[in-house]
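Mind looking over this structure? Questions follow.
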Amino acid sequence: GFARIDHHRALRNGFPEVVYCPNKTVPQIIAIMERVAAHASKVLATRATPEVAAEVRAALPSAVYHEQARMLVLPGAIEVPPPATVGTVLVVSAGTADLPVAEEAAVTVSEMGSPVERLYDVGVAGLHRLLANQRQLYAANVVIVVAGMEGALASVVGGLVARPVIAVPTSVGYGAGFGGLSALLTMLNSCASGVGVVNIDNGFGAGFLAHLINLRGLERQGV
Amino acid sequence: GFARIDHHRALRNGFPEVVYCPNKTVPQIIAIMERVAAHASKVLATRATPEVAAEVRAALPSAVYHEQARMLVLPGAIEVPPPATVGTVLVVSAGTADLPVAEEAAVTVSEMGSPVERLYDVGVAGLHRLLANQRQLYAANVVIVVAGMEGALASVVGGLVARPVIAVPTSVGYGAGFGGLSALLTMLNSCASGVGVVNIDNGFGAGFLAHLINLRGLERQGV
Amino acid sequence: GFARIDHHRALRNGFPEVVYCPNKTVPQIIAIMERVAAHASKVLATRATPEVAAEVRAALPSAVYHEQARMLVLPGAIEVPPPATVGTVLVVSAGTADLPVAEEAAVTVSEMGSPVERLYDVGVAGLHRLLANQRQLYAANVVIVVAGMEGALASVVGGLVARPVIAVPTSVGYGAGFGGLSALLTMLNSCASGVGVVNIDNGFGAGFLAHLINLRGLERQGV
Amino acid sequence: GFARIDHHRALRNGFPEVVYCPNKTVPQIIAIMERVAAHASKVLATRATPEVAAEVRAALPSAVYHEQARMLVLPGAIEVPPPATVGTVLVVSAGTADLPVAEEAAVTVSEMGSPVERLYDVGVAGLHRLLANQRQLYAANVVIVVAGMEGALASVVGGLVARPVIAVPTSVGYGAGFGGLSALLTMLNSCASGVGVVNIDNGFGAGFLAHLINLRGLERQGV
Amino acid sequence: GFARIDHHRALRNGFPEVVYCPNKTVPQIIAIMERVAAHASKVLATRATPEVAAEVRAALPSAVYHEQARMLVLPGAIEVPPPATVGTVLVVSAGTADLPVAEEAAVTVSEMGSPVERLYDVGVAGLHRLLANQRQLYAANVVIVVAGMEGALASVVGGLVARPVIAVPTSVGYGAGFGGLSALLTMLNSCASGVGVVNIDNGFGAGFLAHLINLRGLERQGV
Amino acid sequence: GFARIDHHRALRNGFPEVVYCPNKTVPQIIAIMERVAAHASKVLATRATPEVAAEVRAALPSAVYHEQARMLVLPGAIEVPPPATVGTVLVVSAGTADLPVAEEAAVTVSEMGSPVERLYDVGVAGLHRLLANQRQLYAANVVIVVAGMEGALASVVGGLVARPVIAVPTSVGYGAGFGGLSALLTMLNSCASGVGVVNIDNGFGAGFLAHLINLRGLERQGV
Amino acid sequence: GFARIDHHRALRNGFPEVVYCPNKTVPQIIAIMERVAAHASKVLATRATPEVAAEVRAALPSAVYHEQARMLVLPGAIEVPPPATVGTVLVVSAGTADLPVAEEAAVTVSEMGSPVERLYDVGVAGLHRLLANQRQLYAANVVIVVAGMEGALASVVGGLVARPVIAVPTSVGYGAGFGGLSALLTMLNSCASGVGVVNIDNGFGAGFLAHLINLRGLERQGV
Amino acid sequence: GFARIDHHRALRNGFPEVVYCPNKTVPQIIAIMERVAAHASKVLATRATPEVAAEVRAALPSAVYHEQARMLVLPGAIEVPPPATVGTVLVVSAGTADLPVAEEAAVTVSEMGSPVERLYDVGVAGLHRLLANQRQLYAANVVIVVAGMEGALASVVGGLVARPVIAVPTSVGYGAGFGGLSALLTMLNSCASGVGVVNIDNGFGAGFLAHLINLRGLERQGV
């Protein structure tokens, strides 16, 4: 077969293999989702266009499509009780155009089992919008910051909170934005400490890491 | 004055301002360290060469110099009980040449108050060295991976553990390593999920973030 | 004419000129394939889309199309006994999306006359998949590693085997993958020795070089 | 002669040719300064190291050296009344290490004839430092923002004030800062409007432009 | 909601939030324009394709479309007297292909309330075209230079006038133009002083900054 | 300890760990060489400056220094009969300045046990020098091509021979050579087939790979 | 009007303004061609797609379309006797895919008035094809070399002839070819002397420069 | 021997091999110069520092050192009458810091046998300096333009003259000049036609090419 499913993964890192749809044919996507689902509580597929989603849902009607997040979620054969997390993951975004990436992060966090909150369109061009929501910021256990163009929001949030910040540069912008490179470099060079960076537009990766961080407290409590 | 000390910082994000020594004169470094120390339990200074360290310690004899980590630690005026962390931060490094960055991370973790362990010189060219130490890997609460050249170690570790991984690319290498760029891109594009990346050679930033993550569990326990 | 066929090539380097289809019109492709075929045992054409392949096969019905590899093979006028190779070339790939490049390599190896084996979808995010197939890895005479995103598989394989490894970065990925640049740099900076690199997505080049290496043994045996 | 002095310049753009010291021999610097001074009210020389400055001042004792700004100012033969500007140019900088560039900007502004104020070490890692000085920010007629690392300060200031902002990226930082590239891209992609950018470390250019802007009001008043 | 309108902005920096159309759905654009219009004298939207413009105008018939500038202007609910500017902003462009960016700058200047003049197609390949229009050049209070390919026009204009020059690199060109990078670097490295640079193709940003500069004189006059 | 010696390596890939000297202290180099030597037939150390070599040889007098190659060779405790290779590895270089890299390759080949020949200073600016030595070229079993500046020699040699070609770009050149990048890209894009590329200046890696290729024939013969 | 025709150009540099079609509307192209034609002996337009060409020829039936070169030639109102050149410009190309750029160069040379010859598909992968045509090479007065991928042909030709060589990198290739960057760097770093380089794919520019060079002899002869 | 002298070269391309000093030892430089000199009328060596020059002249007292150009000229054993060129090569430079490269070009032109003129320090920041010397510009047969920073001078000169222009970007500048990259891109994208570009700082290459062009007229006249 074309794919060697990594059934160990749920054991090894707490969550089964996630399907990245681009560069795969729809039959490949369906086959992998089905095979993973047989051994897991649920399967996620990312970057699914509406067309891909429609075809997958025709074959797998129990799959749910999150359109803004461009994600498919298929229930699996194995019952796994959700982790008893207590903290919240907050997803902060800079502009309206960053929404798809922010939603990819938020849906990932939520499907993995952590409570998620959203604080959108609070870019630094109008700083008062962020400052007016500082309470929400300080209440979070982990913060994901999604921003394109120059990505300055990550440094500002990182300077305000004492919690881990996961920064996601987006490819929103043009010209010397170079497809997200500018935001990426900004976040890597952040003068605020406590900021970890993931790939450009990688909302899924940020959500995954944020959930792992959010779990830290529980495991030690024997939950 | 040339510097506007950020005395809020310890309140805001749990640790006072840290001094980055390059591009500062020794008198500036000493003055900032003294001023921060008056309002904090300790002050860290990073990237201190042996020469700078000697001059600082002549003026501030209570400062301790960690040579491999290139860090100075000055005790401060305020008594702060160390956080009651329970988990361990593991620092994994690929080769002998990555030692200064790995030590910068390890000393930061330790000075901030988290227990730290080290697993050094386990690069993927001899994979069995890492596999032989899997127990140590699985026991950690957070893992920092420090690697130069192609930086593949981060992906391999990320694929093995179910804990947050902080990846630090180093500038070790030559030619198409482009001063750490190759390792940086590797880590950003990691096919393993749960990996957050910091700037090239930024051991301090990785240690800081790892400690914040390690703290998650405690705070929720009311410690 | 628009093309100056290099009929010497089969003499000079053991295999006739191979046609790279992009930027050529279909009539040009057909004409070149016909002219090479008149002086050779077979002609390969690479990067042929299904549409191009259909048009070529309408004109040259004896041409065979390998769809996943995107390659056309046209039998030629000259009978050449296949080389009596004894070793095997193993093509290892990281993910499902790397399949077209892996198949381009595999079909090239096979059409040139070396036995080929495949070990697909064994990326380092699930290392056990590779480790479970070490026997196949050690049995090969030459190994081709095809990987996109961060391309770490090449270093891991290079660290395990004592045979020449040809690494092919692919353009699979997004964001800071920069169209294959990340995987390319990874492979060039590999901390494992014995790894030679070809251009991004160049499955054909890897297959060609692997076959030349595989031939080394035979020629010395007077075959 | 090696140099063709542009004596028109003071007429054409209000200020005589300014000497950029690197890549020039000290005798060349002295000769150019003398020749410009004969036709101008003063001559500036930038990027003068202490060694160069000492040699120049030995030959031209009336020259004044601004050490932090690395600039020399030589009085000239022509009396020119200073422009009767009324507004203030404010130079804002992110960190202690940006001081030389910030001072180059401030001294340029002042020597050209505009009142200058300084607000230093107010980087976004400790945002309250900037917010506590908003009055000074709003009082300025033109603002120059000097920042290295990720350069986010320019966006934050640009979002607060309704005045022209001149952003100067500095080469302060390391790793993925790429010698100021990160800060430069940040500033070019600023989501705040009204920000113009000059070359990395170009404090002089920022000061020059800020003064030209500050002059706008006066000329129209017939001053 | 998906958007957090920055109603403060007109107070803070003299002009309400401007809508950047790409990456937004048409319903989002319409909703934001309507909401901003309720609290402002007018709303601008940039980078609107003819198709987007038609849909917006179907919903908001009072919106005007500037086709070459690709901008929409919607009258708002608040009456604001235009600023009593006296100086002129001159938009200079190098070639016919730079027209859309030049018009984006010119329409922005004009809609914000400054008088605008145009001097188009005067690239340095035929310098006499610029020299023949020096009077227009010297009469302007602020000059915007729009140029692609190598962008040399900015340096030439910057060398001629004693007024602030805002340089806009465009993505016009091919090959080693690298989508505007060549023109951008040219403008940043300009040997003429008094040049501030905005992002590639950012006509809007240049117009905004030029208007802010043009306002300098007035405010001080108490207008 | 700072180093975790990979004693498996000689078993796994036919040759013990090789020491890369930069970024290591001399005591570290000596300690690693000694520890490897205890379990191997010989130890190589690369990029040893004359100063480092002198210090190492003072401590380990049996070590031999190849000055042009910048390599140290220390005999080990284990007797291993040299491999009975029959073919020759030819090292071809473009110019005099490429010598250190070419020698690093040649000494590696020879120390690993393959016969080596040299054909130096035959760059394409004087093609007749290469053409006059075609016999030597065709006689080789594997060819290493070492070239800086534009690196065209690899393509020319690759077009002439039917054997594996290992191309080593060097950092020789200036300006748009960008430290070897130009030669590297040339070699990766070679229009000749059968060319594998290693990192810039990586003579060692090329020699290692060439030897592995040269061994192919023997192993199959049961030697 | 949108265009300021440079009617001086024919006087200043011997040939009227040439129209670059991309980013212009067809009506703009037609209008500029007509206006230039009224004052010139002929007008060239480059990069005209077949669709653009058809529309232009519908309006201007005397225009001739060179399809491979993608150029339009419109006869003008002014009779200018062709220059009495005596030497030949030779256009050499590496592969079939470089044909459009090579033809753009050849048609430009010819339309400007120099005799042109073509030597196509002689890339260095089959060097004997070039060597077999050395006579044609040595007979030329100026040589244009057009090559994509690694562009090594320019160095080889430059090493053979004692005449000016104009090198044109093309965007033919993929992966690490980076749209012509590899060939461009190769040509700039050529180890052969006497090579001048133009922009990627700039066949027109190469033809123009080659003709200017070819004219040198004549003018001095008083022709 | 380490070097394979290309004695053919004077026959093949009209001038013997030229020695590039960096990366060579002084004994190597001396040996190559002597060996070339035995078969040539003169030998040039470029990029010779004053220290290298002193050592060479101690061994070869007849060698002449041009300090600003950093070139050595050694008379050779063969008498060759200078070519009877009639036209002049004009070297134009932008600033004082470009002098070493401009002089490398000028000395090369002159030593090869063409008359050379200089027009230095006429950068576009003060355009009148160039315009005041148009007569000298129009009188030249070939023009070399040497400029760093943004390199706009090449476009301006290219737009004025109808003669071949050879553009030499220099590494003069800082920040976003990126070691000459900005000037290089400017020159490659020149909107003026008739401009050929050589490597950054390659004054020698420009001089060599200019002389070859200047020779065109003569050869055809049978001189």
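A few remarks follow.
Every chain is named by a letter (A, B, C, D, E, F, G and H) in the order it is written, and numbering of its residues begins at 1.
Simple rule for what comes next: contacts are C-beta pairs under 8 Å (C-beta built on N, C-alpha and C of every residue); 3 or more make two chains touch, one makes a residue touch a chain.
Predicted model, so just to flag it, every value in this text is computed and none were measured.
The chains in contact with chain D and with chain E alike are A, H.
For the pair chain A and chain B, the distance between mean C-alpha positions equals 25 Å.
In this assembly, the C-alpha centroid of chain A lies 57 Å from the C-alpha centroid of chain H.
With centres defined as mean CA coordinates, chain E is found 45 Å away from chain B. Within chain F, contacts with two or more other chains are made by residues 12, 125-126, 159-160, 175-177, 181, 184, 188-189, 193, 199-200. Applying the touch criterion to all chain pairs gives A-B, A-C, A-D, A-E, B-C, B-D, B-F, C-F, C-G, D-E, D-H, E-G, E-H, F-G, F-H, G-H. Residues of chain E that touch chain H in their complex: 94-95, 123-127, 149-152, 155-156, 158-160, 173, 175-178, 181-183, 185-193. Interface residues of chain A facing chain E in the complex, by the touch rule stated above, are 96-97, 99, 120-122, 125-126, 128-129, 172, 174-177. Across the complex, chain F meets chain B through its residues 2-4, 6, 8-9, 12, 17, 20, 22-24, 28, 32, 169, 171, 179-181, 184, 199-202.
Remark: chain F residues 12-15, 18, 86-87, 141-142, 159-164, 166, 184, 188-189, 193-200, 204-205, 208-209, 212-214, 216-221 touch chain C in the complex.
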